[in-house]
Amino acid sequence: MVRVIILGQGYVGSVFATGIERIKKGDLGYYGIPLGNELPVKVEEIEVVGSYDVDKGKIGKNLHEVVGRYWEGEIPGSLESIVVRKGIHLGSLHNLPIEAEGLEEEMTLKEAVEKIVDEWKGLRPDVIVNLCTTEAFEPFNNKEELIDAIENDDRERLTATQVYAYAASLYAKEVGGAAFVNAIPTLIANDNAFLELAKESNLVIFGDDGATGATPLTADILAHLAQRNRYVKRVAQFNIGGNTDFLALTNKDRNRSKEHTKSSVVKDILGYNAPHYIKPTGYLELLGDRKFIAMHIEYVSFNGAIDELIINGRINDSPALAGLLVDLVRLGKMAVERGEWGTVYEVNTFYMKNPGPAEKGNIPRIIAYEKMRLWAGLKPRWL
Amino acid sequence: MVRVIILGQGYVGSVFATGIERIKKGDLGYYGIPLGNELPVKVEEIEVVGSYDVDKGKIGKNLHEVVGRYWEGEIPGSLESIVVRKGIHLGSLHNLPIEAEGLEEEMTLKEAVEKIVDEWKGLRPDVIVNLCTTEAFEPFNNKEELIDAIENDDRERLTATQVYAYAASLYAKEVGGAAFVNAIPTLIANDNAFLELAKESNLVIFGDDGATGATPLTADILAHLAQRNRYVKRVAQFNIGGNTDFLALTNKDRNRSKEHTKSSVVKDILGYNAPHYIKPTGYLELLGDRKFIAMHIEYVSFNGAIDELIINGRINDSPALAGLLVDLVRLGKMAVERGEWGTVYEVNTFYMKNPGPAEKGNIPRIIAYEKMRLWAGLKPRWL
Amino acid sequence: MVRVIILGQGYVGSVFATGIERIKKGDLGYYGIPLGNELPVKVEEIEVVGSYDVDKGKIGKNLHEVVGRYWEGEIPGSLESIVVRKGIHLGSLHNLPIEAEGLEEEMTLKEAVEKIVDEWKGLRPDVIVNLCTTEAFEPFNNKEELIDAIENDDRERLTATQVYAYAASLYAKEVGGAAFVNAIPTLIANDNAFLELAKESNLVIFGDDGATGATPLTADILAHLAQRNRYVKRVAQFNIGGNTDFLALTNKDRNRSKEHTKSSVVKDILGYNAPHYIKPTGYLELLGDRKFIAMHIEYVSFNGAIDELIINGRINDSPALAGLLVDLVRLGKMAVERGEWGTVYEVNTFYMKNPGPAEKGNIPRIIAYEKMRLWAGLKPRWL
Amino acid sequence: MVRVIILGQGYVGSVFATGIERIKKGDLGYYGIPLGNELPVKVEEIEVVGSYDVDKGKIGKNLHEVVGRYWEGEIPGSLESIVVRKGIHLGSLHNLPIEAEGLEEEMTLKEAVEKIVDEWKGLRPDVIVNLCTTEAFEPFNNKEELIDAIENDDRERLTATQVYAYAASLYAKEVGGAAFVNAIPTLIANDNAFLELAKESNLVIFGDDGATGATPLTADILAHLAQRNRYVKRVAQFNIGGNTDFLALTNKDRNRSKEHTKSSVVKDILGYNAPHYIKPTGYLELLGDRKFIAMHIEYVSFNGAIDELIINGRINDSPALAGLLVDLVRLGKMAVERGEWGTVYEVNTFYMKNPGPAEKGNIPRIIAYEKMRLWAGLKPRWL
């Protein structure tokens, strides 16, 4: 069994929880889960055992009720037994039209962390999945500064994700091992402060920022061009979506977190920094979870010929990430069993937009996939 | 030095010859050549030493004049010294609005082959590049039948490409080694008759059908989806172009040759035969060498979500293939030096739409690229 | 009330019949019906009173059963009372994988016409809607030749649509007035033989070829460019669909019927015949009723600048046409009441790809719409 | 002759000046000029007689030099005789990486206006064309407030465009008639303060915001859907460009000016405010004057079917507007001759994104075109 806690019970967390239960009931195949059911740990073994949020409208409700906001189909009754608990806010929903409250309003951050770790010791998760709304943040890179910030209750310096990751390391230390999957842009697997802490605490960190949407596809298309030595003159990529994350990204500082992640792919894959505009761009509420993407690439071919590619997509945002999580929680459990404390580049490089550790870059996903299979003990598909 | 003969002096052959000379003069970088100048054999060492065609308007003209039909820029004077010779026709321009004549009008096929081999013994090519217009053909798969067809002057059974490939094997045998690069859909590297002959005759064959246009991109995009276990519901791909090859493909039988090549990619990459329509579709003269492609892919993501991708491209057809040929002639020379008689899957799988030998299929180009680099003695880029 | 007979009970006829009944039940708004419910004749007054087909699997079945092949939702019970009758075949399903039989197998064409007219005199339709599969045909342009062909039972010369239109004129003459809506490419409203007959027989003809799909959009986009005096260098337009009509169009002769219709729009709107490739292109069964279209337009702007537009669409084919039919049958009834025998350009020019009479061409739909409103006695929307 | 002054000698102004001279020399046709050479006032009669800017790098240079920054081709020598003069700045290049200076640094606004009017009395323009960079502005709507702001030297309240339009009214009053063409989003033809002033001063105002780029096309496509009563569920439209105007629009306040203009089109054409995201979105310097646009429209067709359209374009921004200006300056001269003081909706509705006066909205361009032709004394094309 893989016991999972969800931090941030929004679209992705709800699709994840629903999909897992539907698979258990036999209502659904394994589509959208990269490794399908090839791993020794089976999809059916995944169990959501806890959920945290700061939206007042969700705290205290059971998962069956909350999931109903995001999913129109029949919701498995098994979700009724999990109640959403109050988590850390620290402004993660700041500026958004949501009434929010966090544990830190009633106690210091240190106390909040202790309370959460206590709860986790009761819930016994193998893997903690972070799905908070995109935050404006500052990495630490220095373990002592991170610990000081917690000790000093420095609410300006810390984000919810950073506090949760810190709590995860305390929990892992106490129970002898756990995994923290960071699916949002806040740097955790790329922040040496957290990696150092993880190694000391028997924590596995996967991160950062789940590789969904247009960016992984862009990476593979750029690799396609790079391998033909076509010179990319420019790349323009737009996104427009309707879920809370897009709304959050209309905030400039949050957007900056995302922009970094997305832009590094150009240099990493091409080897030169082709002029590009790659940003989550707009919010249109009625798109809901759907995303419209457009990409324009212009390049030079042999004998100076100029070609162009135009790519458009209509993509459901949350299922794409939720499908990756089905692998990530199982790989997290496997990494814990193997004692691979710190982070695992072979996993991150396929599943994450900004694969940690920081000194490593992006490689084409098609190759990353094979490396990841090898790490997971599976036969490569084409190598 | 790499001495090259071009069979079919159309768009691709002209862009190839021009580009090589422009690079020698320092007018052009290595863009569009997958391996740039990384190989021990340098781009500047390539020398076109002969050219064949069956268009009456080209035979007897020098390359400088012929290239002028396809390329508006300044044409290097060095092309003046090569005169286009009369080749094998066998209906390869049949139905097209071009006045054509072949050697076989004046002699038997056997005599024509002898004449050509004699000329080649004078020109001393290392590599013979086949760029004939797409043909309607029947593979042989049996060496004896092939030889009989030549002996019996069976003009219904043979195509120009098959006769040229046969001539190449005779030539290779006499001079101790040569390479034949088949850039068109006629099966040569996938036809055991030719592979057997090649092994006996010190011939290297690369083929079949140069991997340009939309199909290699489709392969990589399908691989991207396959690696996320997304279920592809359908693929529609259209092409419209304005060069002679598109005009030829309005002929049903020729089109069938192409269709096979393009369609196999779906099954090879996805592992199942998703419904697809992938065909060169239309001819619009004024597009000239430019091609307009459109692709529509619909797939199932996690939790049953339906996504779609729409890809459009405006692509210069001939430079894409000409850039690949710059590598292929050098790799051909290297294979001859290594004595790798027969065919080389590691080369074909990256450069060819229908990589021989027949029993091997398509793999994602991004991985094929790394395998090819390894074969060529280069460091892989990302593996 | 508007009493309607459907000829060819396929996708369009089934969506039409279902949609009308769903509107009556209040399940559906008026979306997709250009005039909504603005006309004096209300949508709710439309009544399907008869249906004809030549597919053995449909003849003798009731509409409720037949519609179920095309529409997954709940089907109104009111459709149970109409039984599909055997019609004229004349090869209209020739080459398609459908077992077909026509009245003409049991009798002469003249007898078949008489039988049908008799049935219609019982069913009392105001409007007969022709939705046969696209045919290969030859226009008559001469009334006597048409009548001779019927008299001589000339099955090679006549198509099902031509025979039905002839029957409609006999029926109209007998009952004092009726309308025939030709929604397929066979020329009827553009064939003087039928127009002459119609004027003598109190028949109103609307046609030819319902203006759905990409072509009307192309017309409006070309008009947009023409009004800015941008010079269109070329237009490429592709279609791929999965319904019987697309399958039928893979047949070259049928395709030619369609091509003419679609191509004339370029010259009509731009005033010059810009190079273009506009054809229904491919059949991909699993697209079902959905169509994927792609269009590429390149044009010259001020000071010689070159711009391009790329348009893609995923369109449900049958509802688009069915929505137009809801207007056309009501306008047909109105034209009968006004005694406008022959054809009505003001109606055709908005609703038809190839608006009759033959001497008139296409105008931008946006303007055609206003002219049509004026004819219908409605206020123009923007004029 | 039509004597023209350009305010803001950037891309558009330079393409305009170059194009006119190239046409006079016979180097260029009339493509991109909506009315071609149909008007009684000929294109060849247009003469640029003066130019203003606030970029230190342009002031004092002649047009031949300045145009060279934007146009790579040969520049007509006739442009050497016009020297760019210093204009009003008022922060119109604020925040942009351009060193700027305005007359108002040396004198009061009132004095600057007087100086400019004096210069104009010497240059004797018939038409003054405003091409300033997009500004953040506040409309006046009250003539007295506008005059007070000038008198009180209120530099916070006024923008360059507003000051220029005020100057134009003074100039028109003195010379007995002139036209002011406002091609940028600042409201002038939609601001009653300016309209009132214009009527008293013999000024014709055309405005606001030249109808180029994606918005007019969107208008016509939405009209196409509206006429078929298709219900538009949502519209997403993106733009990315590389000229100064896009850079300026990365500033939030300037962007807001633009957003209003673009969004109103949805409600005006559809009759309801379909959810939409229509904004100039990104700046990518290397696109230069080229713009990449992407649009996604989803709508409901008959029987509840959901269709979608995806439109992409690569458009040269400045030639599109420059081509419209060739008409606008001639129509401006005609309006002056007819004494149509104030503004002319029939002209604005075709040429402007936000056609004044304020109480009038957008109509489909295809219809607007015909109304404009009628106003200009030309035969409608299709009506």
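Which chain is which? They are A, B, C and D, in the order written, and residues in each are numbered from 1.
Rule of thumb we're sticking to: a contact is a pair of C-beta atoms (placed from the backbone, for glycine too) under 8 Å apart; a residue touches a chain by one contact, two chains touch by 3 or more.
Just so it is clear, the structure is predicted and the values come from calculations on it, not from any experiment.
Common neighbours of subunit A and subunit B, by the contact definition above: there are none.
In terms of the distance between Cα centroids, subunit B is separated most widely from D. Centroids of subunit B and subunit C (each the mean of its C-alpha atoms) stand 45 Å apart.
Subunit A and subunit C have CA centres that are 52 Å apart. Residue positions of subunit C touching 2 or more other chains: 308, 310, 312, 314. Chain-to-chain contact here is organised cyclically: the chains close a single ring, every chain touching exactly two others. Residues of subunit D touching subunit A in their complex: 233-234, 236, 238, 240, 275-277, 279, 281-287, 292, 294, 296, 308, 310, 312, 314. Across the complex, subunit D is touched by residues 15, 18-19, 22, 28-36, 71, 216-217, 220-221, 223-224, 226-231, 300-316, 319-320, 322-324, 326, 350, 363-367, 369-370, 381-383 of subunit C.
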